Amino acid sequence: MKKRILVIAPHPDDETLGAGGTIAKYSEQGHEVTVLVVSGHLPPLYSREDYEITVEEARKAFVLLGVVDSRFLEIPATMIGDQPVHVTNASIGDVVKEIAPHVVLCPFPDRHVDHRVVFESVMVATRPVAAGRGIELLAAYEALSETHWNAPHIEPNFVPNWIVDITGQIQRKLAAVACYQSQIPAFPGARSIEAVNALATLRGTQAVFAFGEGFHVIRMIG
Amino acid sequence: MKKRILVIAPHPDDETLGAGGTIAKYSEQGHEVTVLVVSGHLPPLYSREDYEITVEEARKAFVLLGVVDSRFLEIPATMIGDQPVHVTNASIGDVVKEIAPHVVLCPFPDRHVDHRVVFESVMVATRPVAAGRGIELLAAYEALSETHWNAPHIEPNFVPNWIVDITGQIQRKLAAVACYQSQIPAFPGARSIEAVNALATLRGTQAVFAFGEGFHVIRMIG
Amino acid sequence: MKKRILVIAPHPDDETLGAGGTIAKYSEQGHEVTVLVVSGHLPPLYSREDYEITVEEARKAFVLLGVVDSRFLEIPATMIGDQPVHVTNASIGDVVKEIAPHVVLCPFPDRHVDHRVVFESVMVATRPVAAGRGIELLAAYEALSETHWNAPHIEPNFVPNWIVDITGQIQRKLAAVACYQSQIPAFPGARSIEAVNALATLRGTQAVFAFGEGFHVIRMIG
Amino acid sequence: MKKRILVIAPHPDDETLGAGGTIAKYSEQGHEVTVLVVSGHLPPLYSREDYEITVEEARKAFVLLGVVDSRFLEIPATMIGDQPVHVTNASIGDVVKEIAPHVVLCPFPDRHVDHRVVFESVMVATRPVAAGRGIELLAAYEALSETHWNAPHIEPNFVPNWIVDITGQIQRKLAAVACYQSQIPAFPGARSIEAVNALATLRGTQAVFAFGEGFHVIRMIG
Amino acid sequence: MKKRILVIAPHPDDETLGAGGTIAKYSEQGHEVTVLVVSGHLPPLYSREDYEITVEEARKAFVLLGVVDSRFLEIPATMIGDQPVHVTNASIGDVVKEIAPHVVLCPFPDRHVDHRVVFESVMVATRPVAAGRGIELLAAYEALSETHWNAPHIEPNFVPNWIVDITGQIQRKLAAVACYQSQIPAFPGARSIEAVNALATLRGTQAVFAFGEGFHVIRMIG
Amino acid sequence: MKKRILVIAPHPDDETLGAGGTIAKYSEQGHEVTVLVVSGHLPPLYSREDYEITVEEARKAFVLLGVVDSRFLEIPATMIGDQPVHVTNASIGDVVKEIAPHVVLCPFPDRHVDHRVVFESVMVATRPVAAGRGIELLAAYEALSETHWNAPHIEPNFVPNWIVDITGQIQRKLAAVACYQSQIPAFPGARSIEAVNALATLRGTQAVFAFGEGFHVIRMIG
């Protein structure tokens, strides 16, 4: 049975860093993956040009990963929390309603304020009522660097309880990450290709396969 | 595809209280459910007769739930922890090896010392190496009373992240629980039929269906 | 000795769902219960009419439960967090000052943003200084659905350490819940009468009496 | 109404360090306090003489605090965990049955293995069934030094949610602590009189009174 | 080697209460301590005069403690969170950039909303990128009263994993605290001199020296 | 100033996997590193020959890492917990007394029962009294596989708050790991060289240097 997967990214690249291999795998298996990008590198902190570049990069990455549909809400970076909660909730809720997904993958509430605000809105939009009733699995991915910069034992710390085997998809994931030239620093940057590869190796070998992606299962309904 | 499900119970009745509806559902769907009962109401705390009664009750419940195979390790209640850890690990590990399950359901480490010792041994037996590599899902069920008697915020407290819809199985679950005449107290006992029904209603309505069973997902591999 | 009890509800119905039996019990024992409702179903998300209906329902429920005094701050739903923190703190703080309560019951910080904002303001208003010095017990109640929709192991999860025996008050609690016709869905809704009954049964039987309400004790002074 | 209070100490002095002021206060109010001392400074780690000294000191402290009854189970220090769990459970359970307490104060599960083993047995003996049904309040006290030596964020860390005002009892508490000449080191020892006084001042001023004792409420039934 | 220490205080007095002894010790050892005060007792909640008084008090305390440099951002108390996150982040980030500290001491995210907002901004400003790469140690201090008023087991609770021996600095710390005449209440106030002394004694004797200050290590790089 | 470092390993290879780079770095800096190996691959679960092989491998690794002294307590694997607690405490305590270390690195309490038992004994032996008073830093390392197999959100989960830059030592660490031919599986084994390298890359890039080792600081005294 074909399933609808909704991956929600605070900014372009989070979806690929956190769930690129899993997106590619769902897509290979014939499922339909939509990516919703909530915020972007927009003024006042960035120029419109910066934004266009990252969107261009995202589109290339989405093609590589087999994403069939994508949405960009265009809220300026770090400012999602500056609009009323019910507005953000409605924007994300509308997409959930329209897509009616079986699986939702969202950011972990971490060091980047936008990740937290998006996480909270996703939690509201995916409650098991109305549009949320068809969701079979809701899980949070880890975003290299920001997720690991939460203060240990003060803020929530990421510990995966779901590992997806992406051994067959690792090359595509790395290629998709490489699309984000404006975002990915050189080694030893926390989001360098080498770091991405290391995290995939660690998550994979934890479950004794070569490459993996780790998720925190929030709600599974079966 | 037919799957093998292994449900591990510290004592007879834990498997039915914690996962009876899910066992019945797996069984209806054509999967093969085995129950491993680790301990029993044996001397010195109980008489051999007590033990035989609970085994008889268990067998009736297993038939109702569609369990195809069951094992009884016959270690006296409260005394599993008195044998060397590697012996317990081996007993449980051998069954995991033999069954090669796709899904393992185990007790939550709670107020009953046997539940903790069994939990720990299951954690060893299900590591994703050797026999454990084929396990796709490992989750802990809640055992009414004992699980809710863990000291709040000192010991681990049960919060489900997986809810199984057992609306179609609730009658069979209640009937199976009723088989355990020697174990199930009258209302308002913590394991009374009314309490079982209330917990199923709460877990179900949390996810907006009528009856449910809640689990803590420990490791999902996909 | 007659005590003053202050129950703080983000929206009308939270107080009854979370603490209706306990309110009724305090009232039966001759204590004085005041309910403070902070927010309401007001524009822009709701119409003024919606609001009036819920207030009407609340007043009926309050009579049934023996509430002697109630206040409605009339801040629009989901928008408490949009006013400056010190304004919300002052509104709630003024009521604490005026009532000088011995017991304060407040919402658990859960999936509804208003519950969190109210929780935080109550924490400020009940600090053991000035007006707060006379408070003997501060505890959070669980609000069916929202409290159980916090993300497991990421957000705080409700685990009660105080159970009130409401066996003698369950009928009145259910009747009070039923007053909220505009708010309470049919079974298997997460706030259906059946769910309310199930939660009361579970909390009661955990402590081996018929019906109960569970609270998280935050500060007890004795 | 006169209440029965049972204070359970792993070793003589824990009860006074952790709850001496509260014991004195209960006693002043006309309640009946029993102390159960589970272990002692006995061979092989200590001499019988060492043990007799501490018992003598305990008896003096108990008189000062107004303890009406005391029991000494005489299990050698660090070795409670070496006897079968059901034996320890039975020893403690029998006292609970006999005393039928309204309030039970027990050690927090901390760095001393005996504190953990006693904590676990108390958790079993005070379950709200049979003899446990009359218990209205179960709380854990903090034992200076050992409780604060739990590994932060790995083992449970003590955070009080109940503060008892012992301003009127602090002198008696300090005098009772001073009885334990063989156990209490000079300043800056972790259990020195100065440390005891400092902890009482901190717990008191947290709630804005002069001296206090902090507890972790485990189960309150009301 | 001379190090640069940056201590960040939400309001004047937090730095002295939380880290006064450690500041004095660093200063004695020849290191350079800068204090950044983010907020102040300013309108609308306070008068400008109130503010000037606290700044005057702060300056006296800083001289006593050997602080070489201080900055006051002058954001009105309780209102830091009312400006956009990126503005606060930039203000604090600029100071981190300019000072290029080896050690950063910041508030624990506790009951005062300003402490939380400052904590979050410090977490962003001290990420191990750009200006943050030279930071060897980032730790949170405890602010008497507010830190201990976090809701137990709902909000993060302070448990120190780093204790600084301030036996040689306790007199200077107490003198510096005494400079804050407008802020420090009489005993048994939660921030009274007696409470400060008690906390220092407790933290010290936990590690078996006379007086100490406790910190929560967030990130140490070595 | 030359410091004494004590690294405690449940079994040979844990010290190298968890802290090999840090050991090499301390040694390069002129500090004196001692390794205490508590258990071994001994009968009944292993043959004496198995044991000799791992000891031989350990000695080679120790030479590479610059370890100056090592001890082997020779307790059979999985059976440390079968001897009385005070015996294990004394064995480890004696070594702490003799070495009088400034830094102690110990295992995290994880999925291997020996790791837990050793952790607990180290916690006792390193309390800040007597021999423990000179310890400036006590931290737990992560042991690939076992540490990551703790049940998420039920058992303690490893989150590092101290990262050591081992960029200059990574080659020696990998060479030392390679000495353990009998223990290290091929990729994608959880303890394969590739997994070791990935974890070092992840821990390093988290702090924006090339290779790192992560620790959980338990107690720092300064």
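Order as written gives the chain letters A, B, C, D, E and F; numbering starts at 1 within each chain.
Throughout what follows, a residue touches a chain if its C-beta (ideal position, glycine included) is under 8 Å from a C-beta of that chain, and two chains touch if they have at least 3 such contacts.
Keep in mind that what you see is a predicted model, and the values were worked out from it rather than measured.
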item	value
Given chain A and chain D, the chains that contact each of them	B, C, E, F
Count of contact steps on the shortest path from chain A to chain F	1
Option reproducing the contacts of C-D, where over half of them reappear, out of A-B, A-D or A-F	A-B
A-B against B-F, pair bridged by the larger set of C-beta contacts	A-B
Geometric centre distance via CA averages, chain F-chain C, whole Å	50
Whole-Å separation of chain centres (CA-atom averages), chain E against chain F	35
For chain A, residues contacting two or more additional chains	128-129, 145, 149, 152-153, 161, 190, 206, 208, 216, 218-219
Pairwise touch network: line, ring, star, complete, or other	complete
Touching residues (chain side chain A, partner chain E) in the complex	44-45, 78-79, 81-82, 111, 113, 145, 149, 151-155, 190
Sites on chain B touched by chain A in the complex	128-129, 133, 161-165, 206-208, 217-222
Chain A to chain D touching residues, read off their complex	152-153
Contact set on chain C toward chain E in their complex	84-86, 89, 108-109, 120, 123-124, 127-129, 140, 156, 216, 218-219
Parts of chain D lying in touch with chain E, wherever the complex brings them together	144-145, 148-149, 152-153, 157, 159-161, 187-190, 192, 194-195, 197-199, 201-202, 204-206, 208-210, 216
